[in-house]
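Each chain gets a letter, A, B and C, in the order it is written, and its residues are counted from 1.
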Amino acid sequence: MEYETRVGEFSGPLEKLLTLIEAEKMDINEVSLAKVTDDFLRYLETFKKGMTEDAEAIDADAERKFRVDLRILADFVSVASKLIFLKSKYLLPGLALTQEEEADIKDLEARLHIYQQLKPAIKLINQLWATSHHSFSRQYFIGKVAMPGQTTFYPGTNLDTEALTAAMHGIFDTIKTYDIETETIREKIVTLEEKISEVLGRIQKEGDMHFNNLSGEKSRGEMIVVFLAILHLAREQLVLLEQMDNFSDIMVKKK
Amino acid sequence: MKNGRASLEALLFIHGEPLSYKKIQSVLGIENDELETIIKELQTDLESNDRGLQLVSDREKIQLATKPEFNSILESFMKEEISEDLTPASLEALSIIAYLGPISRARLEYLRGVNSIVILRSLMIRGLVERFSDPEHPSGFLYRGTFDLMKHLGIKEKGELPDYEKFQELLKVFDQPAAETEPAQ
Amino acid sequence: MKNGRASLEALLFIHGEPLSYKKIQSVLGIENDELETIIKELQTDLESNDRGLQLVSDREKIQLATKPEFNSILESFMKEEISEDLTPASLEALSIIAYLGPISRARLEYLRGVNSIVILRSLMIRGLVERFSDPEHPSGFLYRGTFDLMKHLGIKEKGELPDYEKFQELLKVFDQPAAETEPAQ
């Protein structure tokens, strides 16, 4: 299927994270995770950029591709937010992690360990796929398909128009569920671009301001996205991050 | 040739139809004499009571088939298989073909989200569906309901099926423009 | 049963697709024990270098297929549909399903850290993976590799995958209840 090409290019956040950690020859732990966070976010950005380009095309195919990408993005963002929490432990001592968030980070570590053990299996299947000799079987009742003009007709006892209509409804229900699931994901993602431009806008308007101000009354999830956006901006060197001492607020400054 | 019998068995097994001596020689890369020897060996093997297959041949062609002593058991097996009630999966495939046919296999599979080769074959064997060459892509095939199916459903054309218009509309939303025709087998 | 091996061979030959043990028992009118014995006998027969066929099996179903060593002879004959390349994501999902299947979507997604509905759909359309009702949770589904996958990889059963036992150990992680959450928020 055409629109799965994009999905295929990205194995997933765990694979990416593990690759980054292994490239640095580090073990899987909090320190190494915190260390590769920026690289991970940068990667997430390139993924996002590809998506925006797709979203500009308006035909149905591009729209579908965009929705598929959203699903994957959701998972990358989910991992990214865990990394941000972790990083924030080092950067924002004021933002104490809840038990749940600590558990999330432990869970991420555990998953990476499992993924590391799984990786050889993926290599093995890839090898088999590329080099194996195939075994072939016969078609279902080969040679028994009725020739034109031949009268075989076995409808069974449950075939009527109602049964066919019900089956059609079932198919379209499945398709609808599939679409709704993506819509929900879309609603839940606060897109990075929006946040980034929002932050930029406010900085330009009000000059330097405190991170606490910026995040305002928002939910924790959104606060993380704001933080993510700031990290992104800092990386792009659009603003400078300044933390006076370990326990203070972070200053966001216009460059 | 090493493993001549085994190669011949494998080849005739997947081909399903009578295969000419010439073709076999070229596929296995052997001369006529050697092929004759291998066929005789295979024939002798198949005579065993532990084998259920036999070679059917004329001067030019040869085919692997089941021994006649299993005809009755196999025929009743097949009859039972194709007269069973349609499974939910078969009904699903058949409904798409009835409502949206003629349709390619790729499109059917795309809508169902499942590989449908075997189900299509079973629907054809049951006389519910037929396959024909796609007039627009001569190398591809399309599937449609048979005349007997329409008669059984009590309709003259698919437009008479309940909610026909509605499903056509729904389909437009979901439709996929990419090339859909099934390559020739 | 007299001629058990021969009947089984003829039955699998005609049917072509994987056939369930249950169905075979009812067609041949034999009990499970006897069927197991017959299958073992047939398997032993097929090991001979003079035979070109083998049995592919998943303990519930069984199928007659050609031995992989005849691939080069047969490939030109079979228009293969599934040999297209696998994308990294498909490969990742397929490997997990091949080694750890039957597996739920939630577990697959836990291990991949990524929503896998699209990949699962594409693997099912290609006929490499199939979905079935979880016998322990009737409303849930499990995914497993298909016979077509095994044949494509040239194995007779999934236990022949390299280091199969070792990777099975990884399933122990699911004994901890925490490992069941879906990754997508």
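Observations, loosely collected:
Note that a residue touches a chain if its C-beta (ideal position, glycine included) is under 8 Å from a C-beta of that chain, and two chains touch if they have at least 3 such contacts.
On a predicted model such as this, the values are computed, not experimentally measured, just so you know.
In this assembly, the chain whose C-alpha centre lies farthest from chain C is A. Of all the chains shown, the one with its CA centroid nearest the global CA centroid is C.
If each chain is reduced to the centroid of its CA atoms, chain B and chain C end up 21 Å from each other.
One finds 30 Å separating the Cα centroids of chain A and chain C.
Rounded to whole angstrom units, the spacing between the C-alpha centres of chain A and chain B is 41.
In chain A, 1, 136-142 are the positions where the chain touches two or more neighbouring chains simultaneously.
Shared interface positions of chain B, i.e. residues touching 2 or more other chains, are given as 10, 13-14, 78, 81, 110, 113, 117-118.
Interface residues of chain A facing chain C in the complex, by the touch rule stated above, are 1, 4-5, 7-15, 68, 71-72, 74-75, 77-79, 107, 110-111, 114-115, 117-118, 120-122, 124-126, 128-129, 132-142, 178, 181, 185, 188.
Against chain A, in their complex, chain C makes its touches with residues 13-17, 54, 56, 63-69, 71-72, 74-75, 78, 80, 83, 86-92, 94-96, 98-99, 110-115, 117-119, 122, 125, 147, 150-154, 161-163, 167, 170, 173, 178, 183-185. Interface residues of chain C facing chain B in the complex, by the touch rule stated above, are 3, 5-11, 13-15, 17, 27-28, 41, 45, 49-53, 64, 66-67, 69-70, 73-74, 76-79, 121, 124-127, 130-131. On the side of chain A, the complex with chain B involves touching residues 1-2, 59-61, 136-146, 148, 151-172, 174-175.
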